[in-house]
Amino acid sequence: MENKRKPYQLVSREWKKENTIIKLKNTSIGGGNISLIAGPCAVENEDQIFTICEFLSKQNVKILRGGAYKPRTSPYSFQGLKKDGLILMRNAADKYGMSVITEVMDTNLVEEVYQYADILQVGTRNMQNYQLLRALSKIDKPVMLKRGMSSTMEEWLLAAEYILSGGNDKVMLCERGIRTFENATRNTLDLGIVPLLKSVSHLPVIVDPSQGTGLREIVVPMSMAAVLAGADGVMVEVHNQPEEALSDGDQSLYFDQFNDLVTKLKRTAKVLDKNLDLESEKILA
Amino acid sequence: MENKRKPYQLVSREWKKENTIIKLKNTSIGGGNISLIAGPCAVENEDQIFTICEFLSKQNVKILRGGAYKPRTSPYSFQGLKKDGLILMRNAADKYGMSVITEVMDTNLVEEVYQYADILQVGTRNMQNYQLLRALSKIDKPVMLKRGMSSTMEEWLLAAEYILSGGNDKVMLCERGIRTFENATRNTLDLGIVPLLKSVSHLPVIVDPSQGTGLREIVVPMSMAAVLAGADGVMVEVHNQPEEALSDGDQSLYFDQFNDLVTKLKRTAKVLDKNLDLESEKILA
Amino acid sequence: MENKRKPYQLVSREWKKENTIIKLKNTSIGGGNISLIAGPCAVENEDQIFTICEFLSKQNVKILRGGAYKPRTSPYSFQGLKKDGLILMRNAADKYGMSVITEVMDTNLVEEVYQYADILQVGTRNMQNYQLLRALSKIDKPVMLKRGMSSTMEEWLLAAEYILSGGNDKVMLCERGIRTFENATRNTLDLGIVPLLKSVSHLPVIVDPSQGTGLREIVVPMSMAAVLAGADGVMVEVHNQPEEALSDGDQSLYFDQFNDLVTKLKRTAKVLDKNLDLESEKILA
Amino acid sequence: MENKRKPYQLVSREWKKENTIIKLKNTSIGGGNISLIAGPCAVENEDQIFTICEFLSKQNVKILRGGAYKPRTSPYSFQGLKKDGLILMRNAADKYGMSVITEVMDTNLVEEVYQYADILQVGTRNMQNYQLLRALSKIDKPVMLKRGMSSTMEEWLLAAEYILSGGNDKVMLCERGIRTFENATRNTLDLGIVPLLKSVSHLPVIVDPSQGTGLREIVVPMSMAAVLAGADGVMVEVHNQPEEALSDGDQSLYFDQFNDLVTKLKRTAKVLDKNLDLESEKILA
């Protein structure tokens, strides 16, 4: 689709033709099925995370998301339960047989987060934190690299290249909206970048419509749209009591909305002859 | 979804609960089916437009798009066949039983374009050309209002309000991408605005992935995504010889790509229990 | 500063080395002095425009700005006094020996506005209204082309090229801020484009810090900055009662702020060995 | 200028009326004079940094800038001399009696950079690296916080609030351009934010027109403009051989351009009855 010489190599389709598949203990990402990652914005307390986790397990969700260390715009906002949050999330996930994805904010935290998470997430504010990317290039667990809020596709792929060139090829990309002048939505979800990424790179692409729009009412249609745009999965925020969430309540799905999402995504995946990962009890990989 | 008092009225769901349905002689827009509007960026000559029109008619496409007066960034670029282009497009559409949509660039041209078109399009550069909007508020034919390339949703709805408040309620909105820092795609197609528009307004919403991405290879997935985002239709550019097109060749579909689009959109519409308008031989309204 | 072949010609320094100087009856723009254009956002009534005009004349301001036809985002906002406003502004300017600049919104209004104005302004929403640009290319009065709110420099120069290529070389450019994610200011005033424009084009460049920032408190420093960035002039909004203005009151200077502006701009211009146009009683050209 | 309750406190004018003055051993920032910070994008070798430093010392420049750890978009680009670069810069600065500012990219590097630098810079990609901000809140040396490339003023001030609320009030802000659709300049230098920042906050504000524009030819006018916009200082890139620089050569000033800058900034500062810090042999604080 592009003829000029690309500045990235290891992440490109030219380098590796076949899709990268990231295997987890209970599922895989990028292998032809649609991954559905879900959980609260932040782990708030034991009751909350176990309640949500139990609910998700009924839908057979394979991967639990949740923030323990939270990058917050204000120093006076809730900053997460930190290590306690990691432990709670790990325990909840283990009880229900799920994998854990959570954000790592700093090189100093890589070791700690590595201990509790199955996938380490780099947040939008850290997409170009190159020391962190280098540290993550030396681990043997998968990394989800969220797009910087004003990053071009090329910068994003070059950030991924930092991880691959350091030795870790278990990288997935996550589109989570970019910053524009439009303020009716929290960010502008750039679904057009998804098929373009799939064309130029072999890495799995996940879409986060919760961050990408900031409005729970449009998370379901945007999730469906993401799948047909070619995403390998969707990551959404869900909460047992969104109106009392300590962060991002406006964009968190109610339980019944999540159930509706699952039903609709199953129908949507069929258009492409795919299934949701939660449609299988067994390891898909 | 929003609590604060809105500055627009006639375009809002509060003013009118039911969806606006725009009836044409051979189909309708906004009435529950998915409209597929197609044609070349610009009418170039008799052979081109009749060839394309004949092709589209085989797929039972109801609405032909094409530019006769072309707003071009450079004064030295092809500016369209003007009135000759209008006549050619009208003749081709009439031969194959299709409706015509084409752009009107100026108040002075409203009368002329009205004579040949079934839907008058306001282009992105003219979304806030208020004299033109007022002139179009006095006609009895439908208007497609494309989003300004840096317009907020509120400004867009207020532009539509100009037309409705002047007396013409046959208005449809067209998302065609906004301008951001990302240059891998021509524009950033803002699909997130589609479900939000459908929530706050009763007007039909069309998505133009050709303008919105500028890359023919991603027009098909983005069209499918648009339908699941909630769009009432999709408008795409198609050309018999894209590589020789006088304008926007890179984003024009080849005929076989268009056929693939139709097949995939039919499957996609089913997810929402909808049909494409071209699936019916009869007037749908 | 740029090596690649430019898509514009007549507006370029390659085409014409010397600066374009636009002569008015009482001053000139682009001739080495700094033009100070001032007046209300909109003409509201006879008392208002004459009061402001009398005030400005005491500072020897040469060019009166004011809106008669106002492009407003909402159809329910004050739309200007239209022809009555043009007449009032002309009369006020004539009484005090000033030139008039005002916006022309549509091809149908060119003849009328031409009759009353000395400079015809194309607003930001119409920068790519090519029919209007063509109409203005056929008149013998100067045109001020405001930058589109999301236009690149190249698009802006190509819009100017429309006017020059049609036969009118009396064109000046006006930077008025672009649209970004930053909302602490109304727009982001792009002063960096000023020296670049002066390098690649021979056309005069005016800066509008009132529109560009939306905050009267920072209009004075931004005007000074504009002059040292290389602007040929500054256009500001001033009102006798900003808090009661029918439009854009927040960005209109109080009279004492305007006097402060004049004092500071005189000092600023000296840094570049220039003078304000209002420092001369005579025609400068 | 704003009435609504602000989310930041310690950085605000309401909290502290008088300007914050940051004292260094040989000068001060924010104390009424204009600071001129200069040096290469990156330290490349001993000869380069000593040559540049000797040149700058002839102009009595007080603060040397230079990168040792370089955040580069591509992992394959020159990443800086790291600790060797820090040592070279420290030695060069000590020889010529200058202070050193350089970037710290990670919490793990704070201790090392602290040892060699007088001011620790947080780069645009790390503005919201909250772990790094917290680490810097615990040191007793000044911090320059560059604006994130897509940060709002509020987010920027909240990032500064992280540092102040942790105990370090020696913070200066640096505007270095934001990301927009305009690509004629590398970034869009947002000078309008400068007077607004000075109004709402007591922190010193520095402008970086080298990063902000990417074009050396417009660095001089934009530096002058920055001073009249209200900046407390300007930081520019200068190189003995820009065309052979290992990074950012296009935006680095030639020596004679730097001399011209000094001459013009002296004249500019006089407009505001200020002096450049390099006009004094003695400690200004």
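In order of appearance the chains are A, B, C and D, and numbering begins at 1 in each one.
We adopt the following convention: a contact is a pair of C-beta atoms (placed from the backbone, for glycine too) under 8 Å apart; a residue touches a chain by one contact, two chains touch by 3 or more.
Remember, it's a predicted structure, so these values are computed and weren't measured experimentally.
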Shared interface partners, meaning chains that touch subunit A and subunit C: B, D
Classification of the subunit B:subunit C interface as same or different, half of numbers criterion: same
Chain of greatest Cα-centre distance to subunit B: D
Subunit B and subunit C: spacing of chain centres that average the CA atoms, whole Å: 35
Whole-Å gap between the CA centroids of subunit C and subunit D: 34
Centroid spacing, where centroids are CA-atom means, of subunit B and subunit D in whole angstrom: 49
Contacts with 2+ other chains: residues of subunit D: 150, 179-181, 183
In the complex, subunit A residues that touch subunit B: 1, 150, 152-154, 177-178, 180-185, 188-196, 199, 209, 212-213, 215, 217-218, 221-222, 224-230, 264, 267-268, 270-271
Subunit B - residues contacting subunit D, complex: 150, 179-181, 183
Of subunit A, residues touching subunit D in the complex: 7-8, 71-76, 105-109, 125-126, 128-132, 149-150, 155, 158, 161-162, 165-166, 179
